[in-house]
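For clarity, chains are labelled A, B, C and D in written order, and residue numbers in each chain start from 1.
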Amino acid sequence: MPGSSSDRPRAGWRARLHEVIFEADTPSGKFFDVALIWLIILSVVTVMLESIRPFRLAYGPTLRAVEWGFTLLFSVEYLLRLICVRRAWRYAVSFFGIVDLLAILPTYLSLFIPGGQALLSVRALRLLRVFRVLKLAQHLKEARVLMRALRATRYKITVFLSTVLTLVVILGSLIYLVEGAASGFTSIPKGIYWAIVTVTTVGYGDIAPQTNIGQFIAAIAMLMGYAIIAVPTGIVTVELSRAAHHEITTQVCPHCTREGHDSDAVHCKFCGWKL
Amino acid sequence: MPGSSSDRPRAGWRARLHEVIFEADTPSGKFFDVALIWLIILSVVTVMLESIRPFRLAYGPTLRAVEWGFTLLFSVEYLLRLICVRRAWRYAVSFFGIVDLLAILPTYLSLFIPGGQALLSVRALRLLRVFRVLKLAQHLKEARVLMRALRATRYKITVFLSTVLTLVVILGSLIYLVEGAASGFTSIPKGIYWAIVTVTTVGYGDIAPQTNIGQFIAAIAMLMGYAIIAVPTGIVTVELSRAAHHEITTQVCPHCTREGHDSDAVHCKFCGWKL
Amino acid sequence: MPGSSSDRPRAGWRARLHEVIFEADTPSGKFFDVALIWLIILSVVTVMLESIRPFRLAYGPTLRAVEWGFTLLFSVEYLLRLICVRRAWRYAVSFFGIVDLLAILPTYLSLFIPGGQALLSVRALRLLRVFRVLKLAQHLKEARVLMRALRATRYKITVFLSTVLTLVVILGSLIYLVEGAASGFTSIPKGIYWAIVTVTTVGYGDIAPQTNIGQFIAAIAMLMGYAIIAVPTGIVTVELSRAAHHEITTQVCPHCTREGHDSDAVHCKFCGWKL
Amino acid sequence: MPGSSSDRPRAGWRARLHEVIFEADTPSGKFFDVALIWLIILSVVTVMLESIRPFRLAYGPTLRAVEWGFTLLFSVEYLLRLICVRRAWRYAVSFFGIVDLLAILPTYLSLFIPGGQALLSVRALRLLRVFRVLKLAQHLKEARVLMRALRATRYKITVFLSTVLTLVVILGSLIYLVEGAASGFTSIPKGIYWAIVTVTTVGYGDIAPQTNIGQFIAAIAMLMGYAIIAVPTGIVTVELSRAAHHEITTQVCPHCTREGHDSDAVHCKFCGWKL
């Protein structure tokens, strides 16, 4: 991870800059992080406001100027990050290095690719700026515990998701066959879309079975989705419970060699020996 | 908390009044609490009935008289609470002190701000009276265990909610770009509204993607929402399980008088004394 | 519970009848229970078929005859239950005693209350016959473990439900005020209906907010509902986990007096003593 | 299970073929499995593409040729599986033996049953080819742990599902009686369909109650469905937690060679031998 001690320059202004930009222990470092989060939120709000037609018509030029302000600010930040890290390349190809770059590129690209329709597609890239919000997670310590627990469940969740996908393909094919184009099921992919809408209990109602057999299949799909949701919940709960348990128990009693002590334990709870 | 022993006057009629109003141990205290809950429910029902047009047209004056009756009753109750508490100010600025005040203010405000449109906005404040129902939680002991467990999860839940909000902003921007105004996605905030409707599996269907790419993004969003729900559930379950575990251990060490021992503990984990 | 050993007559044909009707240990008792479940399912299917217009027009008299057949059969069963139980009154006022009676009454009532509109209201009572299906639960042993765990959670679930109801009343009042009759929110109860539809993530879409503020409130309501679902899940999981634990651990080692043994354990896992 | 060591021929080319087809330990065996999964996915995609009208019109003959290619390939695979297994019949009647057969049959059947409408019904069987995807689960080790935990919950889940079905029958009957055909509740089965849509929180909105009493019943149904979902989640979580606990204990008693000991066990719980 960029920002870890091995990536920090040993001394000089780069070390101090690194401390401010990448770390949150010192007052100035903390101030920088909080200010950055607010700037990111404000820049996202600007993008949102520009997408609302009345706002765009009334304050278009102002919004675009503010947007350029944010882009220049974040560009300076990106360059400073590159400079103060010892291995600039490792930061550049890290997840947040790429996100930081994607957050400033779209505005610059809109300069080189001018013109009507092209501008519209550039706006697409510009929307990626919202990824900047992802940085929020970087600064919260709790996220790491959650992430570790979720990573431990990735195989089980993969099995679960492939089962759901298989189920959804079969249900989508069945409903396409039973209902047909008359009810809006014009193809198997459309049927699969309906199956996902149903199994996940979202239920838009834009496509819904009309025939009795179709509604019977839908009822089965709903009950399955209703019961299946228990599986990922169970997986995550067990993993989080294990993570919470491991947070507590790392100590082994030097006398009876038993473990399972709470983090606030001073004496072994089995033999009374001082830990 | 107002009502705790330190806030009770030491003797006299104020101490007895405090016992009746703030405590539920004595028969009269219990009767007061149950009667109050019923009055609160009845006053909420009155507000509801007044909002139904046929009822308002038929029994408008009666309903308004009943409303004034409740307001006067709750005003007396509020004043008595202020009088019998030793530190009146601490009660007034506590959560339920503010709720108690908000529950009576709207009716009085409707006197000083008369007239057509103004009256309508006063009705808004009047609706806050439903907060009175929140008092219900005050009287149930189980609520405290739940609250303590939920408070312990607040950091993890914050991380979870900011992740969901980030996801929802990205999905909303994507769908706005892909679908555009033709399908009802007139702005990014509208797209975010759709994303929240979809990820939380509510699925109104008032705005739904029409294009194939849009429906593909919707399917991804649904599966994500379906899997993500497991995370807060896991967090709360682990915390409740830990709270339940601590409930079991009521043992107090006879030597250091500290508690919080596991049910299988033989020695006090703080001082090593045999339990 | 009727059917417990204390309610069984000590000897004679009534004791044998009790064994067949109320118990499922003997072959004849098991056969009776399975046959009864099938009869109940068939009678429910008959009621369903009669509600479908084409079926009613084509096979109306036949269906009504079959219905009378079932009613007479269940009446004989009800009388036999009354006869063979030692304390008939205790059975008659027990939950399943009342359900058994309600399952046969509607058909008889349709005799005494003839005529056009009256017949329609009788059909309402007739539908209560589906309660007969509830008997299914009686015969499954697993249900008892589930029931015990769920009963232990009833206080916490009550707290949870009253919190949800309070939330729903506040949200419903707010949306009624913000949206008004134009969007279909004609009264506070209608607003509460919408709030329940939204918080429980059902999301019919028959009433949906149209204004920006309304959609913002809806988004908050959805995220709350999405997070709140974690609470009852956590409560039930912890209680079921405790129940599962108690299923296993009832034995105490006679040597070291420690418990926590699995149900299949022969020796104490701590000191090796024979259990 | 076909593929277990007892089903493998002892020597010769059949043993080597068995290793490649049924096992994933050797490089060639692993390559075969991965290649097969990709072929299955591609064949499912072909079926999907053919269901989309524009694709069928443009590339109909090509898609049908590709389909035949896949069918012949999977037929060869099916025959090889039959040949290299020692007990061919046991494989043929196993779950994946039947799925493998169903995945190739529909294309052959389309030869013998030619003609307009008949062809359409053949397409129904052809869709069963998606079952081929189910093979995916066979190759993932995590699936086995999940499956064992889910199998342990099958009685509790059965109780839960029959309770939900009973509830849904009663709610469906009630809403049919209260709302009637005017709101789209033309029969009890239609009412049950609505009840399933509501209790599982899917909420299409294609049929929704219009009257006040109907909406009140709907609100109750939603709150029930919202609370009930906690039950299967709790059941699965407890079972997965128990499975995870048993995963930890890989110790085998050196005396009686039985396993299943808790992680804190000192003595074998079956024979009392020191672990």
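Please note the rule applied: contacts are C-beta pairs under 8 Å (C-beta built on N, C-alpha and C of every residue); 3 or more make two chains touch, one makes a residue touch a chain.
Computed from a prediction, not measured in an experiment: that's the story for all the values here.
Two copies of one chain, chain A and chain B, touch each other, and the residues they use overlap weakly: the shared fraction of interface numbers falls below half.
Seen from the C-alpha centroid of chain B, the farthest chain centroid is that of D. Between chain B and chain C the centroid-to-centroid distance comes to 29 Å (mean Cα coordinates, whole Å).
Averaging C-alpha coordinates per chain places the centre of chain B 41 Å away from that of chain D.
The multi-chain contact residues of chain B, meaning those touching 2 or more other chains, are 160, 189, 192, 201-205, 229, 233, 235, 237, 241, 264.
By the touch criterion given at the top, residues 44, 47-48, 51-53, 123-124, 127, 130-131, 133-134, 136-137, 140, 142-143, 145-146, 149-150, 157, 160-161, 164, 189-190, 192-193, 196-197, 199-206, 229, 232-233, 235-237, 239-241, 244, 264 of chain D touch chain A in their complex. Considering their complex, residues 155-156, 158-160, 162-163, 165-166, 169-170, 173-174, 176-177, 186-189, 192, 198, 201-205, 208, 212, 215-216, 218-219, 222-223, 225-227, 229-231, 233-235, 237-238, 241-242, 260-262, 264-274 of chain B touch chain A. For chain C in complex with chain A, the touching residues are 201-205, 233, 237.
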